[in-house]
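Handing you a structure now.
Letters A, B, C, D and E name the chains as they come in the text, with residue numbers starting at 1 for each one.
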Amino acid sequence: MITQYVFYFLSFLAIMFGLMVVLSKNPIHSVLYLVLTFFAIAGHYVLLNAQFLAAVHIIVYAGAIMVLFLFVIMLLNLNKETEPHKNVWLKLSAAVASGLLLVVLVGSLKNAEMIAATNTFDPNVGLIENLGKTLFKEFLLPFEVASLLLLGAMVGAVLLGKKSIK
Amino acid sequence: MKALILLSSLGVIALLAEIFSFKKLVYPLVIIGLITTLIFNAFDWGTDITYFNMMRYDDFAVAFSTVLIGVSILWFVMADGFFKEESNMTDYFSLVIFSLAGAVIMVSYSNMAMLFLGIEILSIPMYVLAGSKKDDVLSNEAGFKYLIMGAFATGFLLFGIALIYGATASFDIVEIAQVVSTGAASTIFYVGLLLMLVGLSFKVSAVPFHFWAPDVYQGAPTPVTAYMATIVKTAAFAAFLRLFYTCFQGSAGTWTSIVVVMAGLTLLVGNITAVLQTSTKRMLAYSSIAHAGYMLLGLVALNGYSQSSILMYTLAYSVGSITSFGVLGYVAKARGGDSIDSFNGLAKTNPFLAFVMTVALLSLAGIPPTAGFFAKYYIFTAAFQAGHAWLVLVAILASLIGVYYYFKIIIAMYFKHNNNESAIELSFNHKLLFVITVLLTIALGLMPDFVIGLL
Amino acid sequence: MIKLVWLVPLLPLIGFMIIGFFGKKLSKGLVGTIASGAVLGAFAVSLGIFFELGGQTEKSVTIDLFSWITAGKLSIPFSFLVDPLSSLFLLIITGIGFLIHLYSIGYMHDDEGFSRFFAYLNLFVFFMLLLVLGSNYLIMFVGWEGVGLCSYLLIGFWFKNTAYNNAAKKAFIMNRIGDLGFLLGIILIFVTFGSISYNEVFEQAKHFIGDNSVITAIALLLFIGAMGKSAQLPLYTWLPDAMAGPTPVSALIHAATMVTAGIYMVSRSNILYTLSPFAMEVVAVVGVCTALFAATIGLAQNDIKKVLAYSTVSQLGYMFLALGVGAYTGAVFHVMTHAFFKALLFLGAGSVIHAMSGEQDIRKMGGLKKYIPITHLTFLLGTLAIVGFPGFSGFFSKDEILAHAWEHNKLLWFLGVLGAAMTTFYMFRLYFLTFKGSFRGTHDQEHHLHESPKSMTIPLIVLAVLSVVGGLIGIPEVLGGHHYLEAYLKPVFEDSSLRLVHHLSHETEYILMGVAISVMALAMYFAYNKYVKNKTLPANEGETLNPIHNLVYKKYLIDELYENVIMKPINFIGEALHKVVDNQIVDGIVNGFGSMVTGVSGVIRKAQSGNIGFYVFVMVISIVLILFTQLF
Amino acid sequence: MITLLLIFFPLVAALMLLLVKGEQVKKIALGAAIVEFAISMFAVFQFQKNADTQFELNYAWIKSMGINFHVGMDGISLLLVILTTFLVPIIILTSFNKQYKNPSAFYSLILAMQFALIGVFVSLDGFLFYIFWELALIPIYFICLLWGGDDRARITFKFFVYTLAGSLLMLAGLIYLYQFTPNHTFDIKALYAAGQSLDVVHQGYVFWAMFMAFAIKMPVFPFHTWQPDTYTTAPTQGTMLLSGIMLKMGTYGVIRWLLPIAPLGVEHYAHLAITLAVIGILYASTIAIVQKDFKRLIAYSSIAHVGLIAAGILAGNVQGVQGSMIQMLSHGVNVVGLFFIVDLIQTRTNTRDLHSLGGIRNVNPQFAVLFLIVLLGSVALPLTNGFIGEFLLLNGVYQYSAWMAAFAGISVILGAVYMLRSYQSIMLGETNALTSSFAPLTGNEKAVLVIICAAIIAFGVFPKPLLDIVEPSVIKLVDGFNLAIGK
Amino acid sequence: MSAIQIIPINWYILLSAVLFTIGVLGVLFRRNAIIIFMSVELMLNAVNLLLVAFSTYLSDSAGQVFVFFIMAVAAAEVAVGLAILMSVYRNTKSTDIYMLNKLKG
């Protein structure tokens, strides 16, 4: 039972903080709310027996990515409510569009019946050992290929970052 | 696989060139490397090996990756001048080669993870390249728009993958197909499928997910635009086709009607909007959208013709685009702008360039005996066989509109006069390139059997 | 000789080619000799054929030259048919043709287009011979259109004059209207009988059972052709205008030969007409109406050639009346006599004009009798012949026609007699005003008056003789003669005459003749009274006439009517079609597609606003739509 | 072999010509065209006068699609090949007194055009036919674009897009048929069989898809509006190619492809199509009457003539089809002659306006005679070539519908009206400032006109050799058509 | 004891759908490029959550492995994206996407 309440609580947090990200005026606040959202999601991960992933999630997102965001915001000196406002109609249309999306998604997914639900629940899937095996056996190739991705992104970021020599 | 390894190594070597300061050699090295890759790749023909259950190097993959690598060689020759002026030449080289590696993954994946990674490996360097003219606001804007919208679309793609995973418990496209074939597909699966469709439609710039394309194509440096129009588009279509042909064929009922509508819209919107453009580059961007519409025709046909028709089309279209962007690059540089007026009187000053451009444009417009004609014809056949006669009629109408704007350039070159009487000087490499592309365009038009017989 | 029939048209053709190609280099004398010689040669051969045919039992000989057009079961050989009818026409054409060639040598002597004139004339003879010699309708059509062409060329012979050119054009186009009917008739013949050669068609027609309306249609279509060529109502207006050509042309083409082609055609197809009483009725009515109508116009004309032209139209009407009442022989007979006297009258008129240095208005003539005696005498003989003075050729042929008309319908007869009276009146009016009284022209003209050269007077004399005695070959039984012509032509009209039985008592015929003669005498008296005794002169230009007279003088304003009812609307429609329908509507729709695309393009471009927010918005809405349509 | 030679010799010559510079280009081009004519004459003498397809060659081309390089000639094809090879040298000769800039390209394009035209007429494979069909468009487009008159960019472009629209529909029709061929092939026989296996509704689709292409090319009312502008603006040689030969692609297409492929469709829609053709005849003739520009007048007259040809073919009987064959040839010769006359007048007086001309006959009687002969051919006077065709065509149409024939026949009258009217305003009357110094014809010009006039008269008097060539093929075709529609 | 045995999978699906939509809303709603970026990250996290839920539910570790890749890609995208954003900012002194509308039509 407690799990259920935890779920509700975490879900509530995630959604609320998510909304705060979108709605708060100060970019710094947005970043912080996003971090909170990530924490709530990490809580869900733990709840789902994916402890390792929860840890990685915190480290990568909250620890790395969000810091990067913060860093940029600071660098660009955007920590004020500088954002000009969209007019009401645009905001309304944005809300309507995403509301419609939500309705359609929820409407189509709410009665979704799963096919492959295993009766034999395995609580160990989220453990490092299991994940490692999957990653380095089944997903070895993607893993290797991901290095290309990161290398490319690195080169790209460097390329954009450095001053061109004329 | 060989291609992937060779390309990765080539990319790294290019990176190292800067460090070990053999920058002068890197261009020939890249060309030689790509040719080597092409040869090795071609030898994989008929082998059909699956690697780690992640990549299946079947004939489809070999054919498309050969096209990709071949076109990229042409592209490198075409983009020659572009790199020479850049200080970070080797970085660009490696980025392009990495993205090419991503493209190769996109044509040979057999797992959603590989598809996803392939798309990202292809796209991320492209975001960078599109915005690589750091001082140019337009280039910045292009890169940024591409990135934001690309990431947004990736979100939908991933949501779709996740839902499909939930419905089928697998990322493997063959296994997914099996689940589908047992008839056990659920609503979740269909939502996932449709969201993946959206994500991929974005990549191929199908209407209404095409808005990024004209802006990005226009803002990006011309060679990058050429790369996006050719390699990226080819890879995206191959990935699209591979997924929907192998994986989602069983549930065609869900998505064909959408793709039919999208194809029709893409054809019309792409061609119609191109009509009023004054910037050649932007016009070619819209034309690229329109061409996506034709290829969607091949996709939606989903029959024995689909694969070879899209192969033929991408090849024909890529060759035509490389040529036209190459000429455009020259003209824009010499006449100081890419408006259609800058082509005025080109036939007088540079008959060769004008002729090359004409052939390329005829091919893009689909006039015999060029490759573009046969490709179009073949796509029409495919769609007809699948019973999409109305779509073919729309495509015909669209082709006519297409002729309208392609011929604007031809008319400008042959009919209008320009005060600037000086001829544009061509480098030897480009002369060679243009001769090859023209010959290729005509050869493919006259002997398409070589390509369409493959798949 | 019959085997050599191809020589008949070939000789004038050779003449045409020699003169056409080398005319400029040859002397006038040589050109005249060649041209007349060619026709004379043809005449000689024709004469031979005539006698040979008269002497042999086989009355219809077909000579195949080569295969011309083939298309499936349609097979048209280029071949000639020699039978009494065609051989008679050969004689008329080549004989009168020769005389007129001869006459022209003198008449055209000072014209710079001398050789051109003879080339055209020879070409005309060639086509005319083709017309009568052809063994099927299409060859006839070849000649038919060919003579039309020559007529066009000769009317517009003096091509610097716009009015003449217009007249030429008018002639060609009016003829073409008829020709279309003829052509459709030929096609209908082919469709109906599967052949267009005379022999086969007539053979089949004889045994034709079934819907007579097809035959009627054929007959009427052919008759439209005849109406054009033979200047019948309502297609007659070109013929008076055609007098723009040199006078020998008027004599040869527009009096003696070409215009009678319609008569030839109908009498050639007599069996078809005989099978269709309705068509015959139409022919007769059109004929008699034309005869009367043209005669009334003739009453008020002042141009010597115009009077003769309307007279020709009128006489042609008589011939059609004859055809319409089944008097085929009578029609052919009248063609022949008419050829003699009308050619004579025209040549005489030409001689008058020659003497008057080109003046054609009879109001400016008068008293020419003493200046040009030969012309006067021959002209008088011609006039007597045309009015049907007893014993002259016209008497016999006209009498035959009227007799048949009486038998057919009394009203037709009455109208015919009325026409004859008018003919008498205007012919004598012409004669009196021209030759009697005193000279009304200028001094210059008077000084210049002189008789024409021999080459012109000899043909006049020959024709005058023929006009007088020409009727002798057709003296009706009732006058105790023997109708040689009827006997000669019998094979041609045999099948028709089996169907059309004539039974007129001798008493009736005597009465009819008497009536005709007395009416003629009366009309002659009136003319004499008015123009010789009272010396009345036709009104000058500008003088007010009473409305009816004015209307007649203006030829009932038919030309103006055609101009306003046909030509102007066509031009208007053409302009409207061009400027409105073609440029605005049809092309407008085509261009509309273009502008539509551009318009739509402009609208769609606006969507490409450059704003990421909007792009994403559209994407999301599209996703919603996709999910919605596919999942709900 | 001879077919291959016929097709590819002009192409080779065209490519060679690109390498030649200077004045002798004309002569070389003429030489090549004459050689081509000689080759076609050789083919004529080798030709067996029966309905079989001869000189047939069939090479596999695009195997996977069942596309073959299948060429051959029966009488119908041969006649049009003769027309092409006969007219191209004349057309080249007509340009001898002209100085076109960049002559090697000009003549090369003309020969390239010939290559494509011959290809169209001998193709026995649907795809090959289409390729040649489109190929013919490119050289003529550039000829008109580069050497044309005012506003040529817009006008030629409209022409290009318009005709392309039609051809794409035809392509759609061909692909549609292709699906129904048993082994998926474009071979003409298979396409015939595929088309005939369809019911009347589907044959109707095929009919319209293909007829549109042909109707635009000919052009038939109301698809003609590209034509007067294009004819007027194109350089003389371009106009000659367009009207003399290219237009026949459309009529040939109807005979070779439409009648056998969609007989039921043709039968079903013939009434509408013939009505359009006949309306076009009257419409164009009436418009021609009020034209002031002589070139434009001939352009409209060409619409009228070709309307009759179309009507004759669609009537679907031997007389109609054979008439159309002969008329194609005659019209080709005549219209080239007329456009040449326009050109002669224009180069000498710098105008084509009928009202500002006149009296040329006074100055140049020889020209007047030659003009007159061409004119007579054009108004279909008997014993000229125009008559044979017109008679057979009217005959054919008559068998379909008497009223149609009657209306179509009105063109005989209207034709005389506008042709004589223009002859009068150009040649007759008194000379004026423009025409009084009308220069005599040069040897080349005289040669062209004399050849054309000779052809006009020769084929009018003795058309038998031509008729013999086509007749068996036409009969076979029409028999097949009648069989298919169950008549 | 895992949540998945108590909480129906549909709840997770709905939760991630909601989070995803919030991300979409952010992209639509905001003009600041950085916030938009963050919203995209939110979308990706919604996907991650869904994958993990499915992974646990199906007892299949592949889903969680996939999350790693998404994280890697997200990191790469952010790196490149922020780099581009920096260079945009250098030129325009703004992160307002409404300022980026030079390319249009």
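Note that in this section a contact is a pair of C-beta atoms (placed from the backbone, for glycine too) under 8 Å apart; a residue touches a chain by one contact, two chains touch by 3 or more.
Everything quoted here is computed from the prediction, not taken from an experiment.
J.: What's the fewest number of moves from chain A to chain C, given that each move must go to a chain touching the current one?
T.: 1
J.: In the touch network of chains, how many steps separate chain A from chain D on the shortest route?
T.: 2
J.: Hey, which chain is the most central one here, using CA centres?
T.: Here the chain at the core of the arrangement is D.
J.: Going by the contact definition up top, give me the pair of chains with the most C-beta pairs touching.
T.: A-E
J.: At what distance in angstrom does the C-alpha mean of chain E lie from that of chain D?
T.: Computed value for the inter-centroid distance: 66 Å.
J.: Indicate the whole-number Å distance between the mean C-alpha point of chain A and the mean C-alpha point of chain B.
T.: 31
J.: In angstrom, rounded to a whole number, how far apart do the mean CA points of chain C and chain D lie?
T.: Measuring from centre to centre gives 37 Å for this pair.
J.: Let me have the rounded angstrom distance from the C-alpha centre of chain B over to the C-alpha centre of chain D, please.
T.: The separation of the two C-alpha centroids amounts to 42 Å.
J.: Hunt down the residues of chain A that sit against at least two other chains at once, touch-wise.
T.: 86, 93-94, 97-98, 101, 105, 108-109, 111-112, 114, 116, 138-139, 142, 146, 149, 152-153, 156-157, 160, in rising order.
J.: In chain D, what residues contact two or more other chains?
T.: Residue numbers touching two or more other chains: none in chain D.
J.: For chain B, jot down the residues that touch at least 2 other chains.
T.: Residue numbers touching two or more other chains: 113, 117, 120, 124, 127-128, 131, 134-135, 145, 148, 152, 163, 166, 169, 187-188, 190-191, 214-215, 404.
J.: Among the chains present, which pairs are found to touch?
T.: Contacting pairs: A-B, A-C, A-E, B-C, B-D, B-E, C-D, C-E.
J.: If you look only at chain D, which of its residues touch chain C in the complex?
T.: Counting only chain D, the residues touching chain C are 158, 162, 221-222, 224-226, 283, 286-291, 317-319, 322-323, 359, 361-362, 376, 381-383, 387-388, 391-392, 394-395, 398-399, 402, 405-406, 409-410, 412-413, 416-417, 420-421, 424, 427-430, 462-464, 467-468, 471, 474-475, 478.
J.: For the complex, which residues does chain A have touching chain B?
T.: Result: residues 105, 108-109, 111-116, 138-142, 145-146, 148-149, 151-153, 155-160, 162, 164-166 of chain A touch chain B.
J.: Mind listing the chain B positions that touch chain D in their complex?
T.: Per the touch definition, chain B meets chain D at residues 362, 367-369, 373, 377-378, 380-381, 384-385, 389, 392-393, 396, 399-400, 403-404, 407, 411, 414-416, 447-449, 452-453.
J.: For chain A, which residues count as touching chain C in their complex?
T.: 86, 90, 93-94, 97-98, 100-101, 104-105, 107-108
J.: Which of the residues in chain B end up touching chain A in this complex?
T.: 4, 8, 11-12, 15, 51-55, 87-88, 91-92, 94-95, 98-99, 101-102, 105, 111, 113-114, 117-118, 120-121, 124-125, 127-128, 131-132, 134-135, 163, 166-169, 179, 184, 186-188, 190-191
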